[in-house]
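Below are two complexes that have chain A in common, paired first with chain B and then with chain C.
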Partner chain A sequence: MIDKSDIGMWEKLRRHRLAYYYILPSAIVMALITAFPILYQIWMSFTNFNITNLRNPHPDFVGLGNFIKIFTNKVPLENFNFWRIFAFDVFWTFSNVFLHVTIGISLAVALNTPRLALKKFYRTLLVIPWAVPSYISALIWKNMFDVDFGAVNQILSNILNMTVKIPWLTNPNAPIKIFPFLSYAFYADLITNVWLGFPFMMVVATGALQSIPHEIFEAAEIDGVNERGKFFKITLPLIRSAMLPAIMLGIVWTFNQFNVIYLVSGGGPLGTTEILVTQAYKIVNPGGLYGVASAFGLIVFFILLAITLITNRITRATE
Partner chain B sequence: MKKEIKEKLKHLYLHAYIIFWIIIALFPVLWIVSMSLNPINVLKPTTLTLIPKNASLSAYMKVLQKPYEAYPVPFVQLLFNSLFVAGGTAFLSVALAATAAYAFSRFSFPGRNIGLISFLVTQMLPATATLAPLFVILTLLHVRNSLFGLIIAYASGSVPFAIWNLKGYFDTVPKELEEAALVDGCDRNQAFLKVILPLSVPALAVTFLFGFMNGWMEWMLAWTFLTKPQNFTLAMTLYNMQGQWNTPWSQFAAFSLIISIPVMVVWFLLQRYIVSGLTLGAVKG
Partner chain C sequence: MKKVLLVLLVVAMVSSFFVGCKPKPQPVTLTIWHSWSGAELDVLNEAITEYQNQHPEITINQLQVPFDQLQNKYQTEAAAGGGPDILVGPADWIGNFAKANLIASLDSYFDAAFLADYVPGAIEQVKFNGSMMAFPESTECVALIYNKSLVQNLPKDTNELVTLVDSITQGDTYGFVYNSGFYFTAGYFFASGMKLFDSNNNAIVNQGDGGVKTLTFLKNLASDPKFIVANDYGKADSLFKEGKAAMIINGPWAVGDYVKALGDKVGVAPMPVFAETGNPFAPFVNTKDFFVNANINDTQKKAAADFIKFMVSKDVEQKFFEKAKHIPSNVKVDTSSDPIIGGFLEQMKTGVPMPIIPEMGAVWDPMQTAIDSVLASKATPQDAINTAETTIQDKINASRGQ
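So, the complex of A and B:
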């Protein structure tokens, strides 16, 4: 009689040998290029590793020095201010996701109207921004915001019938005085990223709307509920649970929206549009401060982990 | 009668609203098409017309002849590098992920859950956060400045996604099919190779394409790791075209279209699957 609990560790592993063989190749590669770098990163974050000891990796141990440097804004890079960047990143994320969701839902609801002509055609055209690679869109928009040759200023000139020369990407001042910390470049980045992101929310909202039976609206109509009432009392509450996971995903994506920020405004002018991931990149390239970059990367990781845990809790709480 | 007029008016208003957003959605794409056909490179286009005056394909010709201003790398070389990196990334991630996904889908073994979660957690690290250690490690392994090193770096990003994607598909393939094969005298490996893999071709193809697009469009790691122009990819070259003051507009537009059209075509071919997957999840949630 062999009791199950008596089976040793090795016996257990032997019995599942095949499963481990199947996982081994990817596990080795992931260990080499993901797990090992993460461990290496933790070690590097406590050292003064930089471009000068790249070939001969014996940097000095500096303890929490890099973290202190980051939190006290002592990193020797132009316009480095961790807390400003962090605050801006949060503001950037919420303003974007708010617009993505409101535009996306409004279009999904409009396209869900019974007997509306050309629905399918409209939907196909509206997902185009999603199909263009974000890297290309960001570069296109950067060119459209050019002061002299950009399409945005030209259109404004045509509409207003006067020469418009808004310095979208070069003027660090705030065009709207009630938001003194938001430069012109913020609005350029915002327009680009809203363009990029609303189709996704529209598609998710369209899916969510399919689950609401039309009878509910017809009943409401008989009861004399107006359009506004139908939207706020029926549509929104019923698509809420389906939208929440997409919103959470949108928050994480926007928080890390490297392509738009780096390619459109480059974090500038004067660092007014820097977010955490673009700053992390600049510490490595051109900064060459690998130790500081590792510490910075770990900080970003923990911030993301916190966001994910909090948002996960919110989504669960609503179920 | 009155109700009908009211509905007509409402539809009119909705059409206007939707068309407004369609114009916004399409404008940048049409603008880039128009730019690419403009024979004058830097001069300000005075009117915004889809087909500019004296429209020509000269920008396309220039880009194909000399894509990288500072160094004479032929277009074919850049295309080959991009195809090699994108294809290599896609192949490596599908090959590594297929067996792992099968194990996660079919076997229950100690460490299964931890394994699945740890593959997922790596996805939460933004690429820029692992840049520094990856740079140092690839340098120490002497593969940093090569296309092969780049493939390995990209695979670290796409393998976890590929595993989750394929596992989800394998879960939907009935177990009875392999059991029948096992009864008929196949061993596990044969059942996997001869029954499951052929049945999963659509999922393998989609996973391959996602990996391919990653490698095709990525420029940040490439720009950090590679220094030799003969190793450059199309995406890197396009990024490099973005001069601060002297962007060659028409060429930039033509190059953008050359790079993104394959991606857009694939996206529209796959759109049905992507959207149906998304909305299915949404309805279930």
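So, the complex of A and C:
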């Protein structure tokens, strides 16, 4: 027997015809500005599309050639190494998010102290990095990291009372030997992005902290729990459900943090701080390899899809 | 009285019939993209105002784009069918632009009589496959720019240069802020015998030991704490203007601003001879040119060509020469009174013409990477130049669709 909920698609369309008329204009716009470019890019990724094909879009079909070039590091570009960039991007993401979360929660807990003087003032001050457009902050940090005239080296010189010339953005070697793949510029990028990123985590943590009733802490105090125990047994478990989505968001944001990398270190020196999105940009500009860049974009898409699926699974597990 | 009025009225009515007969010029808007700044930009703006006064029907919009973004911006926009009417850029862009059909041939707009007033070498450089693809505004090359109050005796070769710099550098004054960009330091690569291309336009930068010699030389400079060796144009530029750098490498386009900042302390001379081979510094000699967009219609092209004729006229080039120290392409410009230009002209004698073939575009970044990786001790000079050769050839092959 045919169940009533099992009616055919055309029947459904017919019954809700008016609704489809309503969404038709926006559906057409979406098809033009979203669906078409995506499909066009997928087509481009299988061709040797280059600058001359922009007006004469008849490039040669190269099959999986672009993907093979990327995975075997045969893209004709300086310092191109897909696997190194991918590994660096993962390391970049997790080191950043770890620092964002620990600094954010610490500050939130500190500012949540009852009867703290000037609490509102501190909170405003700490949210400023988040309020300034990130490309402006990034450009200011870039200048502060100049080896001869940057504020960072000058302040360090004054504090240590000696000439400090850390080649933040120019030396591709590793200052810390146990991480041989992290150049000085990585630490410059990291400092900038931590400064930019912790306020978000702090705001989320503050919101979650304020929803914890004081009675719980008072009860714990009566039971003789010390401060450390209160933090790990009460605070952390109770803000966990608020922090997890924020952390997942932070992972995706940092993985694609174009502004900081591109403006502070420019992916350099010698490509040591390149992440996937900045490399994708450079394949087109100045590389001019549109076909390879499309394939690269698809690869980044699948990596992010995987991250999102894992994210969804973890967050659902916490519900 | 009435009769007078009547006559006036009739005259007014009759003359009004003829109003439509006088050919009224169509309004034209021209857009020009360039990377001129400082004194050059002032001259450009003056010239535009003057041209608009002479031709009220023409409006000219200028847009300044940072030099390192200008080529890509134009390439992307023009390839998609847009872009400005006129572009100002160096001649080595011609090959790629012409191959991608982004710039118009100018053969039909400039006749032999007009071209007779221009430096033949400059006109020769803008020809691609026999067609004139751009119009030269000025010629340029890099040379040694020095502050006369800090440098008394010019060094003859690179050994003397090192000794001199070591004696000048003190406190926050530097003897030489050496720009290690490939364009700026290319003169020493050619002085040591390096070649870019063979007769089929394939890369041969690692043949012979020229590349290795120059990279070793640069590494020695960088390891001397008295030198600042950095691929940082802005730093060299601002230190020189502040009088904190005794010597830098730069081109004529910057001198106008230096004279503004330091007055007659600015001197220009050929770079010291490369001591190891005894050959002179051989910088790229290039023209700065006006390009016309291939996408615009014939009326616009005609208007663009007319404006370019005005920009390269004796009067405008004289202003570019006097205020911005451009070395004019127009032979009628009077340059006799200027020792600064003399320094660049002297340096040009030992220069090499910049290749304008499309393959040239593949050279810049790999050579820069070779320099940077040697300066950072990431590669030996030999490995660095081998890698550069491979990357350049890969890029050339990719652009040929191989």
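The rule we apply is simple: the second predicted complex is superposed on the first by the 293 of 319 C-alpha atoms of A that agree within 3 Å, B and C clash if a C-alpha of one lies under 4 Å from a C-alpha of the other, contacts with A are read in each partner's own complex, and residues count from 1 in each chain.
As a convention for this text, a contact is a pair of C-beta atoms (placed from the backbone, for glycine too) under 8 Å apart; a residue touches a chain by one contact, two chains touch by 3 or more.
These figures come from a predicted structure and were not determined experimentally.
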- Message: Which partner chains sit in contact with A:P245 here, chain B, chain C, both or neither? Use first/second/both/neither.
- Response: first
- Which of the two partners, first being chain B and second being chain C, lies in contact with A:I216: first, second, both, or neither? neither
- Task: Could you look at A:N285 and tell me whether it touches chain B, chain C, both or neither (first, second, both, neither)?
- Result: both
- Message: A:D148 in the overlay: touching chain B, chain C, both, or neither? Say first, second, both or neither.
- Response: both
- Check the residue A:D60 against both partner chains and state whether it touches chain B (first), chain C (second), both, or neither. second
- Query: Looking at the overlay, does A:A87 come into contact with chain B only (first), chain C only (second), both, or neither?
  - Reply: neither
- Counting residues of chain A touched by each of chain B and chain C, the higher count belongs to B
- Task: With the two complexes superposed on chain A, say which partner A:L270 touches: chain B (first), chain C (second), both, or neither.
- Result: second
- Message: Looking at A:I176, would you say it contacts chain B, chain C, both, or neither? Reply first, second, both or neither.
- Response: neither
- Item | Residues of chain A that lie at the interface with chain B and also at the interface with chain C | 54, 148-149, 285
- Touching residues on chain A, where the partner in the complex is chain C: 48, 50-52, 54-55, 60, 74, 76-79, 146, 148-149, 170-173, 268-270, 285-286, 288-289
- Item | Touching residues on chain C, where the partner in the complex is chain A | 71-72, 75-76, 79-81, 96, 99-101, 228, 230, 235, 365-366, 368-369, 372-373, 376-378, 391, 394-395, 397-399, 401
- Spell out the residues on chain A that touch chain B in their complex, using ranges where they run on. 12-13, 16, 18-20, 22-23, 25-27, 29-30, 33-38, 40-41, 44, 49, 54, 57, 103, 106-107, 110-111, 113, 115-118, 122, 125-133, 135-137, 139-144, 148-149, 151, 154-155, 158, 195, 198-199, 203-204, 206-208, 210-211, 241-246, 256, 258, 262-263, 277-278, 280-281, 283-285, 290, 293-294, 296-298, 300-301, 304-305, 308
- Task: Using the touch definition up top, name the residues of chain B that touch chain A in the complex.
- Result: 7, 10-11, 14-15, 17-18, 21-22, 24-29, 31-32, 42, 44-45, 48, 92, 95-97, 99-100, 102-104, 107, 109-110, 112, 115, 118-119, 122, 124-137, 139-140, 152-153, 155-156, 159-160, 163, 188, 213, 217, 219-220, 223-224, 235, 238-239, 242, 247, 249, 252, 256, 259-260, 263-264, 267-268, 271, 275, 278-283, 285
